[in-house]
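Let me give you the structure first, and then I'll get to my questions.
The chains carry the letters A, B and C, assigned in the order they are written, with residues numbered from 1 in each.
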Amino acid sequence: MLEINDLYVKCADEDLDILKGFSLTLEKGKVHAIMGPNGSGKSTLSKVIAGDENYEITSGNIRFNGEDISDYDATKRSLLGLFLAFQYPVEIPGVNNAEFLRMAYNSRQKHNGLPEADPLAFQDILLKKTNELNIPEEFLDRDLNSGFSGGEKKRNEILQLAVLEPSVAILDETDSGLDIDALKQVSEAINQLKNENNSFLIITHYQRILNYIEPDVVHIMMDGKIVESGPKELAIELDQKGYDHLVKLKS
Amino acid sequence: MTFQDHDKTIESIVEKDYEFGFKTDVETEKFPKGLNETVIRKLSAKKNEPDYMLEFRLKAFEHWKKMEEPHWATSVYPNLDYQDVHYFAAPKSLAEKPKSLDDIDPELRRTFEKLGIPLFEQKQLAGVAVDAVFDSVSVATTYKEKLKQHGVIFCSISEAIIDYPDLVKEYLGSVVPFTDNFFACLNSAVFTDGSFVYVPKGVSCPMELSTYFRINEENTGQFERTLIICEDKATVSYLEGCTAPKFDSNQLHAAVVELVALEDAEIKYSTVQNWYPGDKKTGQGGIYNFVTKRGKCLGDRSKISWTQIETGSAITWKYPSCVLIGESSVGEFYSVALTNHFQQADTGTKMIHIGKNTKSTIISKGISAGTSNNTYRGLVQMNKSAKNARNYTQCDSMLIGDACIANTIPTILIKNKTAVCEHEASTSKVGEDQLFYLMSRGISLDDALAAIVSGFCKNVFEKLPDEFALEANQLLSVQLEHSVG
Amino acid sequence: MMMDQTKEHALTDIVKKFESAFPNRKDEDWVNYDLDAVFHGTYQLPQYVEDEPSKRDGFYLHFKHNQLVSYHLPDGASLSKKDKHVAASSNGLIQMIQQSAETIQLDISNCESTIHIIQEATENTFACHCFNIVAHESTVTFNRTFIAPKNALLFSYCTVSVNNQSNVIIHDQNQKNDGKILEFSKAWVQADCHFYGLNQSFFSTHSRFDTEVFIEGESATARLHGIGLNHPKQELFYNTHVHHNVANTESHQLFKSVNQDDALFEYNGKVSVKKHAQNIESYQLNQNIVLDEVATVYSRPQLFIDADDVSCTHGSTTGDLNQEALFYLMSRGLGEEESKRMILHAFILEAFNHPQFEPFKPTSVLFDFDEQKV
């Protein structure tokens, strides 16, 4: 589904490589986790996949269902079925959450040649999703992420994920800043959404979230590339021994 | 692709044109160009005005001759040639005001229909009465009779001058005296038409009132005059809209609007201003919108609320103001001013607190894009007598693109200790992270920008009558299309 | 007042010479400032005096009448005198100062030091001081004291050029001056340099401080604070203009005032961001307290933005003492007067809330307000 080939990326206004030969293949129906210490380039990776133009791909490419999407803007990538759950979802005051969701939903419907939903029909879709995910309905009346707590923002990301039904979802440190109850809620929601037709890329600093969402493969990322991949036990090992141990091992 | 590349791509996208730039082909009677006493006498005679009005005009004209054109605003424009303007232009078919709506020249009717202002009452937006002004004359006023049943007078100012001389004599020029400023003075001498509203004691006007101004002729000045009077405990909500065809020359629109609110009265005045802004590529042409709008809260607990959505005109120079005289009276100003391409806007408000416990709120949202210049200029003044007066001002600017200019020039003058005045302002670029976030949800760049801008303006749009909030929102997104990278 | 006819004429003559370039009331910066009244007084023109022997400790420059009368400087600082010259571009007042006094240039390099600057006018005289500070690789604090007794008129023009990783702190003290003070400062701040200005004007009759800062290099910052306390009938004007001429720069302005009966306070602050000067942060705040019914406060925090990647905020509040805070303190058992004093004290001290300004916190200000009743 998602294929990243020998990707080199730098910040658009700085001459410093952040990703240095990053490669990854994410198959349909799989869950991959990427773990890595701070500054390893995890968040850059997620933004680059989503099409953030503050980063520049200097070599390598990103393929989605075989199509090179490296030059596509964020809108086009999203319409193809990519989704990024942001680590820090931005607040957009004045933009109603439900209206925003309808806009995004209809944009995708239109792209797929499907009928757009009118406000009433969409309200039904939304209420069904919020019920399934156990998300309070009042989320819908508020402004997009505006005044949401950290945990609420993350749950709102999951709601969007549920509404847009992407084929590849990248969760960028969705677990960070969540207390244990919120983490459980978010994980349960993700497990509900997971099926054989979509894939997830979970980017995280801690092994904690992987207790709730079981990964098929765990990758360890350091200094802009993957240094080790293995089964889920790798995450537990890493959690016990820490990144320092790994650094020493590698050097 | 870097952001720089993106900027270029966006710039190269062809831009949407001004929708209302067509000209109506009707036979027109025009005064020759030029301004002198004879022209004013002729104008007054043309309108069959009583003597008091002619005197008013001539006095203003004498005074105007001694005044200088103001250039203190941040907008830049050449000295205007006041002799190169037609001071009266009207379709010949309107030489006699049509007796009923059915008698209106079909060509004119089609024009207003095209502008979304049908003149047949049954086709109208439910609950909105319209006075349609075409160049120098009022074409028609709808629902006049129905309003009269409630005691509400809604007609053109020309009719009011003849039919309600006592009201006009008492209030015309009482809020904006002809000596007030250069353009108001010129207007007092040569105003052609406009609307008159009188809501008697205790009446809550049952419909939205609205005036639609259309400039059609080239080189014609439009000098409209609006007067709204609300007696004790009366309320009214009024909206004005305006458009003009595309011409390469600049046209002057110098209007005066006066509002008077007596005890417990409430006037809500909304403007959706969409005059032709000039050519997108060269900046040539467009309307000079030099307008004086002021309301007087004379009665205790009276309230005047200005809401304006300014998207058109080459240059806008207007400061809808409130003079808060009555105790516990309230003044409000909600504004969205969008400038794009070569537009210049210098707009804001004045809140003059005189009475005790008076309150004012100012919310101003300025959006500058292209190579435009957008200035907020405001005055909050609290006199010694304004005990416990309160003002809250918030003015935010949003910048789109790196060639635009945004200025914020507030003046706060406090002369008593019990007054409290708070001013907050911010200027920032449209959030790249916000755009990226929306785009990563499959929303196009233009839609994302429109959503962010309309979110930015939300608390002003909320103040518009429902019928027009949507229109304003659409207007804004059309004006902004393809202006971001 | 003694009056010397010829001398009076002399001042009028000087004024006349530059009057064409004088600011007038059409210029919004000067609308409320009565320039005519300032010149209408009768002042003697200062006589040239021989150097006065130093009676001070530490490093200092002492300006008196129209000249530098004595000084003591640290290593790394050197003085030179410049011919009287008049920069045509300046306004008439600055030209007049330049013409009336010699320009002293103070070059400072590789120096970390505190230098006291005394600017003194004597009773019934008219004095002009003019000096340029050029700092290289230095961190210097200038403690500047203005002395303008009764019927004195003190004009000052000072330029500061901050280069090569320098930090310059200018701390102005204008305390209980009965005369009139009109001061102009211009600072040019180069890359990686920082300029700090703090003005304390306590209970002076009639003062105006015009500060213009040009931020010329990346990563440079400017911070201007001012705190003005006005007794009845006193007048204080702060005019500032910060120009962000290059990208990645930052400025802060905080101006506060407390005003009693018939006092006049004006803050006219401008921030300009030049085209292509991206990534700018600018903050501007003006807070005023009006203690009596009839004080007048003008506040004009203005922004002129020609670039798009900026984050600028400005704010202004004017009102009585914070009534909520007052109620809170009183509900904890404090007396009304005591509570008011505490709130006022806290309000004033906020102007010193920056590591560079901490050392200048006053201790005894409030007693002066007490006398007059809070």
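Throughout what follows, a contact is a pair of C-beta atoms (placed from the backbone, for glycine too) under 8 Å apart; a residue touches a chain by one contact, two chains touch by 3 or more.
In this text the structure is predicted, and so the values were computed from the model without any measurement.
Engineer: When you average C-alpha coordinates per chain, which one falls nearest the overall C-alpha average? Tell me, please.
Structural biologist: B
Engineer: Using only Cα atoms to place each chain's centre, name the chain farthest from chain A.
Structural biologist: Relative to chain A, the chain whose C-alpha centre sits farthest away is C.
Engineer: Measure off the straight-line distance from the CA centroid of chain A to the CA centroid of chain B, and report it in whole Å.
Structural biologist: 48
Engineer: Roughly how far is chain B from chain C, centre to centre by C-alpha average, rounded to an integer in Å?
Structural biologist: Comparing mean C-alpha positions, chain C is 42 Å from chain B.
Engineer: So the centre of each chain is just the mean of its C-alpha atoms; given that, what is the distance between chain A and chain C in Å?
Structural biologist: Taking the average C-alpha coordinate of chain A and of chain C, the gap between them is 54 Å.
Engineer: Two or more other chains touching the same residue: where does that happen in chain C?
Structural biologist: In chain C, no residue touches two or more other chains.
Engineer: If we count contacts the way the header does, which residues on chain B are in touch with chain A in the complex?
Structural biologist: 1-3, 6, 431-434, 436-445, 447-448, 451-452, 454-459
Engineer: Name, in rising order, each residue of chain C that touches chain B in their complex.
Structural biologist: 275-276, 278, 288, 290-320
Engineer: Which positions of chain A touch chain B when the two form their complex?
Structural biologist: By the definition above, chain A touches chain B via 12, 50-54, 56, 71, 73-75, 77-79, 83-84, 86, 89-90, 92-95, 100, 103-104, 107-108, 111, 143-144, 160, 164.
Engineer: For chain B, which residues are in contact with chain C within the complex?
Structural biologist: It is residues 384, 397, 399-429 of chain B that touch chain C.
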